[in-house]
Amino acid sequence: MELWRRAANPWNQEVLIGISFDLMWAALIAGVVFVTGHALWVRSLATANGHGDDAPAPPGLPARILRHTFSARAFHWLMAISMFALLVTAFFPWAGIQFPWVTIHWLAGVLLILTVVYHIIHSTFWQDFWSMWVGRDDVETAKREVKRFFGKEQPEGPKAAKYPLDHKMYHHAIVVVTFAAVATGVLMMFRVDTWFWARNPYILSDAMWGVVYVVHGLSGVALISLVIAHIYFAIRPEKWWITMSMFNGFVNRKEYLEHHDPERWAGDGPQGQLPEQT
Amino acid sequence: MAVIRDMIPPCELFQPASIGDALNLLDQYGENSWVLAGGLDSFDWFKDRIKRPEAIVDLGGIEELSGIRADGDGLVIGPMTSLTEVATHPDIVGRFGLLAQAAEHVATPQIRNQGTLGGNLAQDTRCWYYRGGWPCYRAGGNICYASAPKAMNAEHCVFGASRCVAINPSDTAPATIALDAQMVVTNSSGETVYDAEDFFIGPGIDIERMTVMEPGDLLTAIRIPGTWAGADFYFEKIRDRQSWDFSLVTVASAMRTSGGTIQDARISVNGVAPYPMRLDEAERAVIGQAPTDDIGVAAGDIAIRRAQPLRHNAYKLPLMKNLVRRAVRAEV
Amino acid sequence: MTEVEIIRDRGPRNYSRRKFIKGVIAAGATVSASSYLFRGPGVLTAGQARGGVERLMTLTVNGQQRRVDVLPYETLAMTLRYKLGLTGTKLGCDRAECGACTVHIDGVTHYSCSMLTHQVRGREIRTIEGLESPDGELHPVQQAVMDEGGFQCAFCAPGFIMSMAAFVEDNPSASRAQCAQALSGNLCRCGDYNKILDSAERAVELMGQRA
Amino acid sequence: MAEKAIGRDIAPPDLRAKITGRARYAEDFRAEGMLFAKLLLSPMPHCRVRRIDASAALAMEGVVDILTADDPLMPEITGVAAEAALTNEPLYEGEPVLAVAAVDETTAADAIEAIRVDFEPLPFVVDPLDSLRPGGPNARLDGNIQWREGQTREIREFKWTDEDFDAAGPDRLPMGEAQVEWNVGEVDDGFADADLVLEETLLHQSLSHHPMEPRSVMAYWQNGKLYLHTSTQSTARTHAGLANRLGMDQSDVVLVTEYCGGGFGSKISGAPINDVAAIMSRKTGRPVMLRINRYEETYIGRARPGFQSFAKMGFRNDGRVTAIDLYIVQDAGSYGSSGDFNTAGTVASLCYQPEHMRFRAVSVYTNTPPRSAQRAPGGAQIVAMLEPIMDKAARELGIDRLDIRRVNAPGHDGWLGPAQGTMSSCFAREALDLGAEVFGWEERTQLSATRRGTKSIGVGIGISPFVGGSRGMDGLLVIRPDGRLYIHQGIGNLGTHSIADTARAACDVLGMEWDDCEVVWGDTSRNLPWSSSQSGSQTTHAHTRSNHAAALDAKAKLQEIAAGALGGSPDSYDCADGRVFQTANPGRGMTFAEAARRAIDMGGRYSGHELPDDLNPMTVASATNLAGEGLMGVARDNYGGDGSIWSWVMGFAQVEVDVETGQIDLTEYTGVTDCGTVLHPRSLAAQIHGGAVQGFGQARSQKWVFDPQWGVAFAKRLYTARPPGILDVPLRMRWAAVDEPDPQTPVGAKGIGEPPIGAGAAAIASAVADALGGQCLCRTPLTTDVVLAALTGTEQPYRPLETHV
């Protein structure tokens, strides 16, 4: 399997021009293998795990706890749309399904950038910025999870705050990959005519462009795998309650207590605490 | 591409006698096969060693691919029919003179003697960056050199660019569009018929091809329906030299006039976009009108309305406009 | 200056002038039509694919049958010039852009640089060497060119004459303008078009006389 | 009495071979065991070879050897900006770096592909103005111009200042310090005197020669001698040059160049690439064919330098030019020291005889293919640029465009150049008048800018002088005992028929039938005399003289032999019809055959055993080889003369420009010449028309395009370079000659190769401007896009000084 595509530039120097088309298939296969593997693994452990839900409910806990505000959901879905548009416009032509994709791709890219910028600002100033970051507790949890995976009995760890560890890890991966895609994508915008500038392929040397294309390509195929994994988890029955919260914003009391530590996260209500009981 | 190699690299040559045999060979060799019609486009690629097929499939021995025969009130032309024959065949000259004129304007007598209608229709672009073997989009790379800020693009497109700004150089292509011709494309899984207009594609759809044909496909017939037989035709090709040169802009039109007004019209141009363009809006603007210079000017203005010239080719706008104008005015 | 390093797989050779002169005495100047242009069977490593063309073929050139070993990717101009010794057919561009290599295939003009020899199997090839009759009588077109003082550098002449011959044989009453159209696939860098057209007109006249 | 050969149409002696395919050009030769060489060319406009890995190529079966610039056998080429056949520092895309020899050409091509060369890119420039900017790139590591001072020549860095560029703005020529400047009078006084002053920014493209025959070469060695088959304009000069380059004795080199498939200045003294075949053959011990293809020919085949210019001209109300101020920035390409810019200044002064003139120029190296002389070097450019300005002046002054040329044209007392030199003769005004009559100037100018449908008619005129001769060459001929005259010509057979036409001077002196004369040329083993360099139209003048001188020598010897045998004084004998006889008693005499036999018996100077002492060594060697074979006539041209020799062509053109499409239809062309005595009407017509056709290409269609970002050429194929075809020229062209002999030369003939091209180019430029209602586009080529943009008021595709487009 080829990893890179190279070509002779007009001076007959060999330059990198991008990743190999094979990597797209590799990413697709990797995603599917992971999903299948995970599904089988989960099945084999069918009842091995599970948090107890016999902890008493705190007084005044409402029936539904707000997990994602409207703006957060709007962000998520806009981002999802742009991501799908980007992936479809990027990879369908590679797979042989031809259509005029360039304009849609860069417009979707612009949308993605806008949503990301919004998300950064929003999460910095209006949300608990650190809620998505891996903290000391998460490290502890991780250690236990790993040990448990290798068959060692472990005590129950602390329950998650708003986001469980796997969400945080996934988010970190997405952050890195999306930033790589966005940074290179912005540079690549100079290679298409937009309403604001005329294209100029010579702002970087062709060797530099090669790196840009490779990074963009790698982040693109990484997104294929990540998105597969994401969708897979979103549709798994035991995660359905989270998925639903991305539609309607709420988790119910049972799920809340089962998965979250009320001390660490009390919902995303207006005051950053549990809404008044009604 | 200054590392000159200039000898055709070793490869195999096949000369099948039937379409079936040809298709089998194309399937067998897949992307490593090359369909050879007249060869005038092909040999350049081979000698420059930019394209290096393993197997050349020469269609010259397939009789059913040559010749011109009547089909109802129209004609079926074999794609391997030479351009000379297309330009001189009495049925084409008499009833579909537009195609004859177009064929007559190709390159030189020797090229017309050997070049085929199918090859002329399916030929690749002449963008000199691409032909120089530069790794541009069309060559599988990720750059268009011809639209860079200082690029030499006087002969590139003013419409239809999508990253790539190359033009379709065929003289006969706009004539087939104006005549409502259909292209029969055959591969091992069967036959598909395309309207001429849909046969040619732009880089937005596939940046590496000029037509719908993919490896394994053969153009097996060009059907000219009777629709425009004996209509009024106009063909003009503008170029710097009166032989050899590819066109800067070409117009091909077919019209029917009665009672001093244009009843129906087809206007097509080439040399301005990555594909031969049918000018539907200009057609609508002239139908029902008298073929006057004013109407011609109006149609020309409509035709160039959405053009986006590059640094060196703004002249193609007045040129295209005037050619449309002349096509309309010729009806007087 | 950067030191240039040349990598070879063999040791550098030592040339003394004496040794060299010894070496070249054998290299004669005898003219030969043998082919060195294309690799022979010994060098061609790739085996012939099934169903591919047979290399050994018979060509009909200027009325003669010539047996010749032709590679699948060999152009007619190369076969004529380097295998059959017919060097009257010139290569000006090798890309169908100048017409110096024009020959007749079944009486029709073609650029021999831009067709494969295998494409003309079984067809009549005529080159500039085949215009003159065996007794030395010039073709009317050649005679016309003699009468009009011919070309300048004449590298393009064989191609022009072949185009002219094909045309006047079919059009014995052609006008000057029609001749120009017929010759528009041949390039003359000396720019001798006026005299070439004078010759063409003269050729039409001579054809008329012969008819 | 034999009819005089001079002035008659004849079939050139090589014609039958040319039209039957028997004429053998360099690539038509084969030798037993012949190898094929192929070149690897630089992919970059300027770079340095760091490393060559040829191991894979040399390991291939059938690959015999490699030749690089470092090969010890390669000749050392010294001198400022000298050009070797192979280089480790290519100065233009396409410059040959190495060659490989293999048993067949396909293997050689495969080997070239298998070679890995590591090139280090270096700064490059394709537009001279970019190189003149402060901090701008230089085409060479040591600078961008060739500085000359006395005998010294060196490469220097030469820059203008930011102020120079700022003052000019983007579309006018900045005029910083000049490399060359000369003045005649005081140009400001001239402008002060003027009633009309015109100023223009002008651009003339560079353009390739594109001879039909690429400079292929075949070489082999036999018994220590190098045999080389190549295409060259001048046999004698190439022979000397090749021996000199290779450090060999001229007698050890046999040059075979019977036919040259076009040169136009690009093959004057042989191509550097000849070294590759010669040395590769020497190295491998086998004959080597180096077939040059069209791409390679465009790269290594030379080109005319382009100009970016400023011209200011002052006129009095009667049209008289009071002053010319000319500034030329020449694109000198990568090698050579092309003097086009200097000649351009000289030609401008000659054409218009300005009362005051200032000439300034800089010649800047660029990383584009090497320049050399191309038919009327400098002359063709300057007339194509200035003639439309003369039209504009005539229009503004309300005088006829022919009259304004006539008012300014020189007579025999005309001057030229900074030294205000003189000419041997000048019939420029007579040629203008004759041209006006033949072309029908008065009637045709009535059609100026009138319309025929969508076509606007334009009528134009272009005057074009150029150097037409040199002096002091050698003539060598032998009357053999078969009674025939063998005229040996060291000149090349470049298609002008001069090998035959100049030989006719000898034929006529001896009163022979042309059919009894034989021309010997094209193979140095056949004993050829020294010749002119066959550039600048020297041949006709130089070699009618040298052959005349040799024939007079032979005639004197014939007279002496006859007088010695038959009595009387030599003066009382004359020659005609192959006999030398007593004038008073024509029956008393002897045949040339008999005289030849006697000459062999007498020996000494009669048979060539004693030679004049002012001959060139090449002539001496050839004459010595021929000694004893008959009666030898051998002499140097010592006729002398004052002033330089100039010929003229006045071009008259009519065009129809389609105002809707910009297409130019050239409907009429007439060329009228002053070239002294007409030697051969039909070949003169061929020169006038053929040169004009090249001029049409120069002014109208031919391209020379580079991508500025990569410095790589695009118009390197004929279909992209667009030299004119047979449909791009008038269906019938006319010509006429003043036919007044030059009084300073015995036959009266001057050369005529150069002037026709400028006449054609200037006439069409003038006619197109006329069709456009007097709009001067001030650039070449006037391609459809440029003309149409002017007609429709659309933005011009190129900026006024934008070059290589």
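Chains here go by letter, A, B, C and D, matching the order in which they are written, and residues are numbered from 1 within each.
Here, a residue touches a chain if its C-beta (ideal position, glycine included) is under 8 Å from a C-beta of that chain, and two chains touch if they have at least 3 such contacts.
The structure presented is a predicted model; accordingly, all values stated were derived computationally and were not measured.
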| item | value |
| --- | --- |
| More contacts between chains, C-D or A-B | C-D |
| For subunit A paired with subunit B, centre-to-centre distance based on mean C-alpha positions, whole Å | 47 |
| Subunit C and subunit D: spacing of chain centres that average the CA atoms, whole Å | 28 |
| For subunit B paired with subunit D, centre-to-centre distance based on mean C-alpha positions, whole Å | 41 |
| Cα-centroid distance, subunit A relative to subunit C, in whole angstrom | 67 |
| Interface hub residues of subunit A, defined as touching at least two other chains | 10, 12, 202 |
| Per-residue overlap in subunit D, given as positions that touch at least 2 other chains | 43-44, 105-106, 293, 707, 709-710, 712, 718-719, 724-727 |
| Overlap residues in subunit B, where contacts from two or more other chains coincide | 1-3, 6, 8-10, 132, 145, 148, 242-244 |
| Chain pairs in mutual contact under the definition given at the outset | A-B, A-D, B-C, B-D, C-D |
| Residue ranges of subunit A in contact with subunit B within the complex | 5, 7-10, 12, 15, 17-18, 98-102, 191-193, 198-202, 206, 209, 213 |
| List of subunit A residues in touch with subunit D within their complex | 10-13, 202 |
| Contact set on subunit C toward subunit B in their complex | 39, 44, 46, 48-49, 51-53, 71-75, 94-97, 99, 102, 108-111, 114-116, 118-119, 163, 181-182, 184-186 |
| Subunit C contact footprint on subunit B (complex, rising order) | 6, 8-15, 25, 36, 39-40, 43-44, 46-47, 55-56, 58, 60, 84, 107-111, 113-114, 242-244 |
| Subunit C - residues contacting subunit D, complex | 1-2, 4-10, 13, 15, 20-21, 23-40, 43, 81, 85-95, 97-98, 100, 127-129, 131-132, 138, 142, 145-158, 161, 176-177, 180-181, 183-184, 186-197 |
